[in-house]
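Questions regarding the structure given below will be posed in turn.
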Amino acid sequence: MITILVNGKPEQIPAPENLQNFLQAWSGLPEHYAIAVNQQFVAKENYPQQAITAGDAIEILVAMQGG
Amino acid sequence: MITILVNGKPEQIPAPENLQNFLQAWSGLPEHYAIAVNQQFVAKENYPQQAITAGDAIEILVAMQGG
Amino acid sequence: MITILVNGKPEQIPAPENLQNFLQAWSGLPEHYAIAVNQQFVAKENYPQQAITAGDAIEILVAMQGG
Amino acid sequence: MITILVNGKPEQIPAPENLQNFLQAWSGLPEHYAIAVNQQFVAKENYPQQAITAGDAIEILVAMQGG
Amino acid sequence: MWQLLGESLNSRLFLGTAQYPSPQVLSDAVTASGTDVITVSLRRQMQSSTGNGFWQQLKTLNKKILPNTAGCTSAKEAITTAQMARELFGTHWIKLEVIGDQHTLQPDPFELLTACRELIQQGFEVFPYCNDDLILCQRLVDAGCKVIMPWGAPIGSGRGLVNERALTLIRQRLPDINLVVDAGIGAPSHAARALELGYDAVLLNTAVANAGDPVAMAQAFKLATQAGRLAFMAGQMAQREMAVASTPVIGQPFWHQATVAAK
Amino acid sequence: MWQLLGESLNSRLFLGTAQYPSPQVLSDAVTASGTDVITVSLRRQMQSSTGNGFWQQLKTLNKKILPNTAGCTSAKEAITTAQMARELFGTHWIKLEVIGDQHTLQPDPFELLTACRELIQQGFEVFPYCNDDLILCQRLVDAGCKVIMPWGAPIGSGRGLVNERALTLIRQRLPDINLVVDAGIGAPSHAARALELGYDAVLLNTAVANAGDPVAMAQAFKLATQAGRLAFMAGQMAQREMAVASTPVIGQPFWHQATVAAK
Amino acid sequence: MWQLLGESLNSRLFLGTAQYPSPQVLSDAVTASGTDVITVSLRRQMQSSTGNGFWQQLKTLNKKILPNTAGCTSAKEAITTAQMARELFGTHWIKLEVIGDQHTLQPDPFELLTACRELIQQGFEVFPYCNDDLILCQRLVDAGCKVIMPWGAPIGSGRGLVNERALTLIRQRLPDINLVVDAGIGAPSHAARALELGYDAVLLNTAVANAGDPVAMAQAFKLATQAGRLAFMAGQMAQREMAVASTPVIGQPFWHQATVAAK
Amino acid sequence: MWQLLGESLNSRLFLGTAQYPSPQVLSDAVTASGTDVITVSLRRQMQSSTGNGFWQQLKTLNKKILPNTAGCTSAKEAITTAQMARELFGTHWIKLEVIGDQHTLQPDPFELLTACRELIQQGFEVFPYCNDDLILCQRLVDAGCKVIMPWGAPIGSGRGLVNERALTLIRQRLPDINLVVDAGIGAPSHAARALELGYDAVLLNTAVANAGDPVAMAQAFKLATQAGRLAFMAGQMAQREMAVASTPVIGQPFWHQATVAAK
């Protein structure tokens, strides 16, 4: 098991994997979102190539009201 | 002949008369107007009673643009 | 006994008298003051002539800080 | 003869030399001044080492009123 | 729709009729402005006068007429002028203007109040053009005025509401009186502001008549007065000394939170 | 109809979507405002979030979306946020907000310019929220911005255009750039003023969302921006130091002339 | 040294005597201020009054006394108070204050003018506290006043000169009258400004008495009024719309010239 | 007496040396101003130059010299100029001026900060002339500046403190930094105001040099800065929205009480 941060909360996943697989397994995934890993934007087409390893911080952001 | 002021210009009329008669004889009378004699308003119904004598100042005012 | 107002407070005096006599008898008289009776100023030289009768309002004013 | 710019005016000197020698020979030198060559400040102690060659721009500045 | 002295009006813009490049532009501007009330004056018929033409134009425009006493400098002159206006225009409404200074065209509080009292006695509905002094406004109300028209700035200056605090105070203290900002309005934003402060209407002339395109400007003022009134009724946010984020801070990604924590 | 970055827009009001009492009020306010462009942000989905609901609402509103980078305090954060916004909302428009102070929410000129340069390199159309410093605005233009959004006053303060001279100078010196007053607009009169100065549009949120009746206030701002633009195009009268009579003085009855002569 | 109603004065600061933390502080502040004229009022002797003490203090201070009619709301009250003051203080100078509103303590132009006329008939030198309306000021001069004291802002508000244009106009139009800004002065910069505009003096109280250190503040106002008067006499630079270099541009090294040429 | 970078100074007025009608007037103005710090610049010696004369005058005046980099438009130029000034005047103090616009002479925040960082590295004490943007001021402090000189208004405009709120914010947020208002001061009241806000000093030139009588004006500014500082230290009264009677209401004669009761 390794620990990562998802939207600021620690989560445990069995082992390092790529972002695409992680998201498929992740329960709270919204319909429309964009992702940054360790404060770097990851484009949708790069999810398969984006490795997720211990200590990584994933931000899954959605549309919100703004001014 | 006596001299009166009509809208600031000296005019001569044969003799004192009432305002109604004066106006009937006056050439430049506009269609819609109001009158003051010696800075006092004279209502239309009082024209026959309003005497015009030497030195009187008649103002014949019409509608004008204003702010 | 008659009742008068001195600086807004009811006081009783035995009988009508002139202002000069009243002041001589009045206990709280300050050293420097000016007087109005019934909202009219009374000059010092007129105190003997100023009658005080029932219901009169005497204001005895002194110097005070002001802006 | 080579041409240099001194305070924006073209001047001719016989040959390249160092700044110290140039200044000693220059007629208009004020008593108190500071110098930049090609927009770089040259400190007094470096005048002997500062070469002056064709096309160099020398600024000799003095104290002036300022706000 | 609002009520003014028993009349139902749609517009909160009163418009002057002077200084337009042509009668046609005046008519078009009046139409574009949506105004219900136009101001006029009385003058001698000039040789080259369009006096009769103007009378016909007034008939055609078919708006509520508010005659003024422009140029008067004493109560006596203003009263005479008001009486003549009443007969000529067939209205007991009068914009009472008594000028105290030929350079600033400021209202004279003393002659104004004197004229006001007399005219109200004579049955007029007086619209006094006055300064922004609460005490004067209160005296005019005491004299029987139901409408008060404090200035925003000197006539024709176009400087807007130079003393907003004074105008606000008048609005607070005379809640039941119809208040109109008269004079000084130079731009639609000024008119909107007057309405935002709770004034019932604005009266203006030069800002429209002297615009490059008076008809377009008239429409601009129409929209601005509507905007100002809507805002007043909608309840405006309070001004704040400091900044307040409009975008929510909750749910920010962690880099924001780190930053905030570090400060 | 005006052109902004190749888009044809009717409205000169850009509206924020935050702080409304309910999604329905937001929708109604957007409609009442007539806006073509609404601002949004990115946040983590909260448990009690209406995130999906908001997404659906955006689809229904069917307006041009301008995502912001609200809350970012460095170029790096702002760039990442902008990239995420581009993918999520499918637009290369970004309102670039890089905050330099947590209390005043002032823009940080240095991080802003850095982020701006990078994002323009990456193909974004950047709408930078900046202060009213001409030099900064010029640098942003030099970096490739076609739109500049100087503040009127601090975000959420509602104080209007606190330095009108500075805003006017920017308009004069950058005649070919689309200029939008962003932040500080508290009332329709402020919005009208910005347009009267020749600004192309205003962006606001709090003044509508926090109004007692946001829908009515949205309509007020719609009218005010229309009024301001019309006035700008119509050519406004110049402000004058002194008074100028609006009613003509020619043809005055003699008592006026006597008065004038005596002075 | 300047002349006021035949008196030679050094100071252009008139100081009120109310609200000081103690009689000693009052005395020290009066001394520190350098004032030649102090204002006082009349009141009933209170049980805990310092009335007699204050009388002694006035003797010791040995300044020109300017009694006021503070609190009066009608001409009648003010006239009675003025008459009492004349006898008590042995001066025919009177600061005429007739209040028209209990919340704003604004002067009542009508009662003020009435009282003014009567008191001048009775031989008083009237210092009327009035608003900044030129017409009122002119009427007061016509009534015989040689000194006029328009307000800067409401009494005790400390907001300075809220309508500088109006005060400037009064100065221009009444060049031969002694003008004093009374009320609203909150800081030495306000006092300096009044003097810079050409006003002859300022009258204030709260700004000194309510300062943390009234004695130091009194000295600050002394210096500020001196500064303002010096500046008025020295001839002030005109304000300019644009920047003008203070450091000469002639003789700039070439890199500056290159830069300028490139722009 | 106050401390600035280890120097003990009496005066809080820094004075420029340009634009005086004659060297004698300059000397007299410097003396009258009581200043401890005067600003100078570097220029090419002109044929008709008074350069040497000016050098002698500086020796005679015997004040602390603050050379400026006036006219520089890039960090590179400013750095070279600062280095030359250090050698020529024998001081590591430098007023850093990097202009971003030839019409407004506004500081360029970007080149300014770059130059500032480099010069501090090289051991200078930098006095940066900057705008009133808190973020820029903070960056300058982060770069090592111990003195910051935000503008009041554009150089030579004489318009005073156009954004008092922004200047106040800088004072609040940078309590340990020496703050000087540089540029825009047109009258002693402006200088007094800057000091009242807690600024440590003001720097000015045109307002004195272009006065009708520069020597008298210099003295006026001396008094005004003393007044402003005294007021700041004395603790100023708070401004109030409404009026507050300065004369006590207790002990009023009954006619006042009746009036009050009736209202």
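The letters A, B, C, D, E, F, G and H name the chains in turn, as written, and every chain counts its residues from 1.
Note that contacts are C-beta pairs under 8 Å (C-beta built on N, C-alpha and C of every residue); 3 or more make two chains touch, one makes a residue touch a chain.
No experiment lies behind these values; they were computed from the predicted model shown.
Common neighbours of chain C and chain G, by the contact definition above: H. Steps from chain B to chain H, taking the shortest chain of touch contacts, total 2. Of the chain pairs B-F, B-E or A-E, the one whose interface repeats that of C-G, sharing more than half of its contact pairs by residue number, is B-E.
Between B-E and A-E, more C-beta contact pairs join the chains of B-E. The geometric centre of chain C is 95 Å away from that of chain D, both derived from CA atoms. The distance from the centre of chain G to the centre of chain H, each centre being the mean of the chain's C-alpha atoms, comes to 29 Å. Distance between chain C and chain F, defined via averaged C-alpha coordinates, is recorded as 70 Å.
Chain F has residues 16, 18-19, 41-45, 49, 68, 70, 77, 80, 104, 106, 155, 205-206, 245-248, 251, 253, 255 in contact with two or more other chains. The residues of chain C that reach two or more other chains are 7-8, 36, 39, 59, 61, 64-67, listed in rising order.
Pairwise, the chains that make contact are A-E, A-F, B-E, B-F, C-G, C-H, D-G, D-H, E-F, E-G, F-H, G-H. Chain contact summary for the complex, chain H toward chain D: residues 16-20, 26, 39-45, 49, 51-52, 54-55, 58, 67-68, 70, 76-77, 80, 83-85, 87-89, 155, 205-206.
The residues of chain G lying in touch with chain E in their complex are 100-101, 104, 106-110, 113, 131, 133-136, 138-139, 162-163, 165, 169, 173.
If you check the complex, the residues on chain B that touch chain E are 7-8, 28, 30-36, 39-41, 43-44, 59-67. Within the complex formed with chain E, the chain F residues making contact are 16, 18-19, 41-46, 49, 68, 70-74, 77, 80-81, 102-106, 154-159, 186-190, 192-193, 196, 205-207, 209-214, 216-217, 219-224, 226-228, 230-231, 233-253, 255-256, 259-260, 263.
Interface of chain D with chain G (complex): residues 5, 7-8, 36, 39, 57, 59, 61, 64-67.
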